[in-house]
Amino acid sequence: MQTPAPATPRSSPKVSPLYDPRIRGAAYQLLLLVVVGLLAWTAIDNAADNLRNARIASGFGFLGNTAGFDVNQSLIPFAAASSTYGAAFVVGLINTLMVAAIGIVLATILGFLVGIARLSENWIVARLAEIYIEVIRNIPLLLQLLFWYIAVLSALPSARDSYALPGSVFLNQRGLFLPRPLLAADAWALPLVLALGIAGAVAFRIHAGRVQRRTGRRLPVRRVAALLVLGLPLAVWGLLALLGLAPVTFELPVKGTFNLRGGLQLYPEFVALVLGLVIYTAAFIAEVVRAGIQAVSRGQREAARALGLQSGTTLRLVVIPQAMRVIVPPLTSQYLNLTKNSSLAVAVGYPDLVQIFMGTVLNQTGQAVEVVAITMAVYLTISLVTASVMNLYNRRVALVER
Amino acid sequence: QAQATLTGVKQKGYLACGSNPALAGFGVPDAQGRWTGLDVDFCRALAAAIFNDPTKVRFIPLSAKDRFTALQSGEVDILSRNSTWSMSRDTTLGLDFPAVNFYDGQGFMVKKKLGVTSAKQLDGASICTQQGTTTELNLADYFRANKLKYEVVAFASADETFKAYDSGRCDAFTTDASGLYSERLRATAPDDNVVLPEIISKEPLAPAVRQGDAQWADIVRWTHYAMLNAEEAGITQANVDQMKSSDNPDVKRILGTEGKYGEAIGLTSDWAYRIVKLVGNYGEVFERNVGQGSPLKIQRGLNALWSKGGLQYGPPIR
Amino acid sequence: MTAQALPEIDPDLAPANTSVTRLAAAPTVVTLDRVNKWYGAFHVLRDVDLTVRKGERIVICGPSGSGKSTLIRCINRLEEHQAGRIVVDGIELTNDLKKIDEIRREVGMVFQHFNLFPHLTVLENCTLAPIWVKKMPKAQAEELAMRYLTRVKIPHQASKYPGQLSGGQQQRVAIARSLCMSPKIMLFDEPTSALDPEMVKEVLDTMVGLADEGMTMLCVTHEMGFARQVADRVIFMDEGQVVEVNTPDAFFRNPQHERTRLFLSQILH
Amino acid sequence: MTASSGLLAQPFVRRDPVPAAPPPALVGGPVAWIRRNLFSSLTSTALTLAAVLLLALILPPLLRFLVFDAVWTGENRDACRPEVLGRPVGACWAFVANKINYFVYGSYPIEARWRADVFFALLAFGLAWMLWLDAPRRDLGAAYFFVVFPLASYALLAGVPALGLPAVPTSLWGGMLVTIVVSLVGIVVSLPFGVLLALGRRSRLPVVRLVCVIFIEFWRGVPLITVLFMANVMLPLFLPGDVTVDRLVRPLVGIALFSSAYMAEIVRGGLQAMPRGQFEGAMSLGLGPWLTMRLVILPQALRIVIPGIVNSYIALFKDTTLVSIVGIFDFIRTIESARVDPNWAAPTVSVTGYAFAALFYFLFCFGMSRYSRFVERRLSASHAR
Amino acid sequence: MTAQALPEIDPDLAPANTSVTRLAAAPTVVTLDRVNKWYGAFHVLRDVDLTVRKGERIVICGPSGSGKSTLIRCINRLEEHQAGRIVVDGIELTNDLKKIDEIRREVGMVFQHFNLFPHLTVLENCTLAPIWVKKMPKAQAEELAMRYLTRVKIPHQASKYPGQLSGGQQQRVAIARSLCMSPKIMLFDEPTSALDPEMVKEVLDTMVGLADEGMTMLCVTHEMGFARQVADRVIFMDEGQVVEVNTPDAFFRNPQHERTRLFLSQILH
């Protein structure tokens, strides 16, 4: 077959730059960059001007200055006289993370319970769960926090007439007072036994897996693990107690002039914040869980049942693993929401990052730009780290498709 | 640009005054949006001096937290909001405090039934305070100095702080003594609360302006002094028109019938006359808002004229 | 108005092939006796009677919505019937969970949409039930699974995920998965109707192979070629009732009921 | 059963059809229903009992507080003090009734409140037009809602002295009025910006994409409250020294940026749901990229995301409560400041105020969420067509 | 191995009908000259040459994945080619956006899945491009649209939405929509393969009608009856290459290439 020569030369014809998509694209991008740059530059320039005019110092040196104020709830030692603004930042950050961590755990538990209840075959349970979800989701969180704070405060007795609960637990407007466990100096045995128990449980779990693979027999992993982790230390403790040794003593709260002293105190601000966040977020998690479970098709469950798998096994091996893929991404964003929402602590006076740092520190130092930037950076970091972990997870569990 | 506050105000046609929206006696709007208070009247006095019209003020409610930024950013022309004049604020925040219009000090309020009579007995107490104030710092200092333990519960707004105290969250409530009296009015049962005698700090409350506009600072400063001098000279809102014909040289200089002192600060020579005529002298304003003519019933105390044993001392107008 | 008996055999209807002799002595494995079922107020199964002998191959057909799926799903209790008796392998289906589990172990089922577990590999799909239900050691279960995967001609796909297979391959995995529980009876619910035409054949071949080995099968299908080739009986259902039962030959050659004739005229060309 | 063995391979033809029978009692009837839905198993029975117990614990005190022991009328705190009334006092609705104007308008001058009323009416009209799916000329409705209505509202509320509407400074606005204004500005501004950002994020041009991604992820990564603080303290710093921004406008800027980022992600979802064929169909007709976007893609994508937009509006509406923290007199803030009014110092006043606010937000948000579900169902129904 | 011209006509390959005479004098409207295209590293179009005369009807067939769609999508620049030249109606396809717009106005395209705009009525679908691209007054555009809708026999559906029409009707609307731009060339990409069998005919009839009126058409299709009836040339593609070009008659009667023979044996019965 012959190949007739093309009639026209094969040089690429000229394209008017006005209509060349590449040139247009470059122009658009350049334009955008210029606009963004200009905006940023104006903002920075104005800020610098304004700060200079207002004679506000700038820079992060203030973090080393002595704070001079007190914080009532701090996991690290903090004293007005000696601690710095930097330390105040750390206190706020830790308080934020603590609320977030506790909130996430509790909200997950409550959320899963409600989500499963929402799908219950029991009509009244399903309706109750639905009402809970609808009511809670449609009322602003701030309002709920204020409500819990006021409700908690006004429902409780004053410090002088605390409710005394069994086991030296007291409840009053200043919070919940629990005995604070103190480890005696010679109680090294106890954590050791606990560690041994956990190690044993892990080892047993591995062993059980091997046995199962070899013989098909299933060992009672959960029961043994519970025994090892909880039972063993308790037994040792009991033994020591019998011998007249006290490995753990409790510092009990006692009445002071105004208030109970000593013990472990859960502040009402903290309780209201955690309560509000948990109840609010759990409603969203419940919806996520419900959607996740419903996303596993009926056919999957039926196939498992048809194979003779029992309902518990079906749930564990077939439904939950598949539901989790659907649940985890929105669940993570709920976790992020909870963490971000913990900034509402400012409304109930719990000293979280926003309250201490963006509130008190900003006011005492006047360094708005630095403080706001640091605070936002913290939240942004949390978000980005979580998002990238999530992406990794998603890639790992993504279903393999053709 | 920093010099031009007065020009700016004249151009706008009103004075932007940063004020406290929730401190009875100092600054508080009623349900119709009418503002009253000592700090509020100071702004009115300024407006009277500038515009001959005390209503040409816009009050901008500010919280303790954003008051200084509001001033720095130019949102308000003056911050008249019970703010303590301290060295760090004066030097690092880029502000000036031209004159002290209320000498105050931080105190405590407790529930009567606690039986506490002195702040020294507050060892181990929970204390409610507002965050971002000098109060918070003084509190820490005081308890440290007296080796007392306490638990601080800090809130973002004065409302929340007081409500928390009132509902029993704290044993004591601390703020400037003037504030204590004003807040007590809002208690569920005002008489169940007592103010403790200790004053643990110096709190010279002063209007603040941006640093770098000397003329504006002078206007603010001399507005206050004019009100003091008027009280000292016995010029009141009621008698100011008669006083205009007085031949007391002090009075003449104050009311601008002799000399053109007002023009030196960019105003008219009858500026002080306008202030007293339209707003009143310092004593009148004090009594009307926080003194015996008000529910607060605060004594003049440190805020009496120097001649009556107080600290309010108006430099001579001459 | 019942299905059973017909003591006098109309010579024209008599089965032509040898299944009568092959099955005559075989024990009964499934008995349905006047089974009735409602969905809410909707009467979906009406007085269904059916006896299946060991080794018998039954094809069920009928228009959409006639209750075919419901019928076979009742046999392994994926659906509950409200009246009548169902006895499978000597065990009557009641609310007794233990017995239900027992029956499900004896009865394999293959669905229209395969219902493989997408999060498990093909091999894991097949070993799941042996390991967890039969408590078989993993190695043994895997060996078994490989045997059946070889049987359905996809041993080399064992470590892939279902999503990576074609429809026909997935359906064959589903069959292998059922076989791994060594069921006595296999139920098929339109196993080929979700498949592309070129994949239908590979699945039908697998099923023919199973039939040849003597598996007891109940199969809802409209593949008439398959019915002709392997079925001992064809059951035609309409509106929840068994309308006609016959050997495939007689069924296709000479349908008795007008509803059957209408149906056949629609699906045969 | 008789002679079942005889059935083997026996041909059978049904000559007498079995008529459909009603289900046995177990299937229908209230008793069966209760048994099936409440007492189907031991666990279920236990759950039912627990639920009933829970209701018995919660409902009576709740009803007593909200209704039976509530005080409905009164002029001051004495109406709601138990020691005055000599009986337990529940919700103090008299307080709400007394303050209702404050809750609705804040300190908006009384003589100008008719302007706020007109604003509410215009809003209701626009909403009805936009949300009623079968309304005529919904494109005009959108134009009204996104252009005419905002301008008219601004003129009405802020005032135009030239038109004889005296100016009302925003520091006097308050209550529900502010709550609604803030959330409306959020939605009206965030929709166009969200669309732009979503388009940018899907752009082929890497710089455009990057800028949009950074913008979106930044706002989505930080809590709204920090955004509000930032808008409050930093916005003035970023502007030239002689430019000041109204105190109400600052949080509005923050909220607009924040909700634009969320809106962008919603719109992006809609754009992603558009099949490639729609682009190709339009391109092959000679419509350029912009026309394709405007005439073919966006109308469809936005329709798909109506439920998402409504949901984000609900979220925004709830989030506007945070502006109270930066000192804006929104609805929550009016409740907060009214409850500390010494004239109404009574034990249940605070809780009553919050209950009232909760009711307000719940009714609004729940209505909207039901609406969004309705739209979702309509959409999926029209897809099934 | 070329597609164009056929300067010396091999008598055996010569078209039997009159198209040679009909087209001999017609100008060239589409020229593809050694067109190459890659998707990433995958070479989808390899040295494709093709010349289409005005009024010519070309059918392109070939196995799935052979690049047929890619080829015709290159002609209206829905895909970009990386080497070689494509000249449509005298305009060479380059990056020049203006020219691309011009060409798209000249070239109509009908897709497998219709790609009608579901949010617009049938009439609006048809008037969209005339109004916005050709800046035609609305009334005139509607008149034009109604003319073409009448032509495809669905004028009474004009105010319905596409979702309310059957597949065949939708495809006819798609054709009418393209015609409203009065294109010089029509491209069809498997216009009937997404349709139920009973609707194929109505669409094919419409296309035959178009062909009879002398429209230049490039049509990817496996409808061999259609090819026989209207095509001037059939082009067979495999693995991105043009493997065989011939008149339909010769193509079906006497395929030259073994790949063609294999393909024809699969799709013809």
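By written order: A, B, C, D and E. Residues from 1 in each chain.
Convention: contacts are C-beta pairs under 8 Å (C-beta built on N, C-alpha and C of every residue); 3 or more make two chains touch, one makes a residue touch a chain.
No experiment lies behind these values; they were computed from the predicted model shown.
Touching subunit C and subunit E at once are the following chains: A, D. Here the chain-to-chain distance from subunit C to subunit D, counted in touching steps, is 1. When the interfaces D-E and A-C are ranked by C-beta pairs in contact, the top one is A-C. With centres computed from CA atoms alone, D is the chain lying nearest the middle of all the protein shown.
Taking the mean Cα position of each chain as its centre, E sits at the greatest distance from subunit A. Ranking every chain by how far its Cα centroid lies from the centroid of subunit B, the top place goes to C.
Per-chain CA centroids place subunit A at a distance of 44 Å from subunit B.
Taking each chain's centre as the mean of its C-alpha atoms, subunit B lies 91 Å from subunit C. Here the CA centre of subunit B is 85 Å from the CA centre of subunit E.
Shared contact sites, meaning residues of subunit A that touch two or more other chains, fall at 50, 53, 150, 154, 346-347, 362, 368. Among the residues of subunit E, those touching two or more other chains are numbered 97. Of all residues in subunit D, those that touch two or more other chains are 233, 236-237, 241, 325, 336, 347, 350.
Contacting chain pairs (ordered by label): A-B, A-C, A-D, A-E, B-D, C-D, D-E. Looking at the complex, you find that subunit C touches subunit D at residues 1, 3-7, 9-10, 13-15, 19-20, 23-24, 28, 31, 33-34, 36, 38, 40-43, 46-47, 49-51, 53, 56, 82-83, 85, 232-233, 239-247, 250, 256-257. Against subunit C, in their complex, subunit A makes its touches with residues 212-218, 297, 299-300, 302-310, 313, 317-318, 321-322, 325, 397, 399-402. On the side of subunit E, the complex with subunit D involves touching residues 76, 78, 97, 101, 104-105, 107-109, 111, 113-119, 128-129, 132-133, 163-164, 174, 177-178, 181.
By the touch rule above, subunit D contacts subunit E in their complex via residues 275, 277-278, 280-288, 291, 295-296, 299-300, 303, 382, 385. Across the interface of their complex, subunit A is touched by residues 1-2, 64-65, 68-69, 72-73, 92-94, 114, 121-126, 131-133, 136-137, 139-141, 144, 150-156, 160, 164, 167-169, 171, 210-212 of subunit B.
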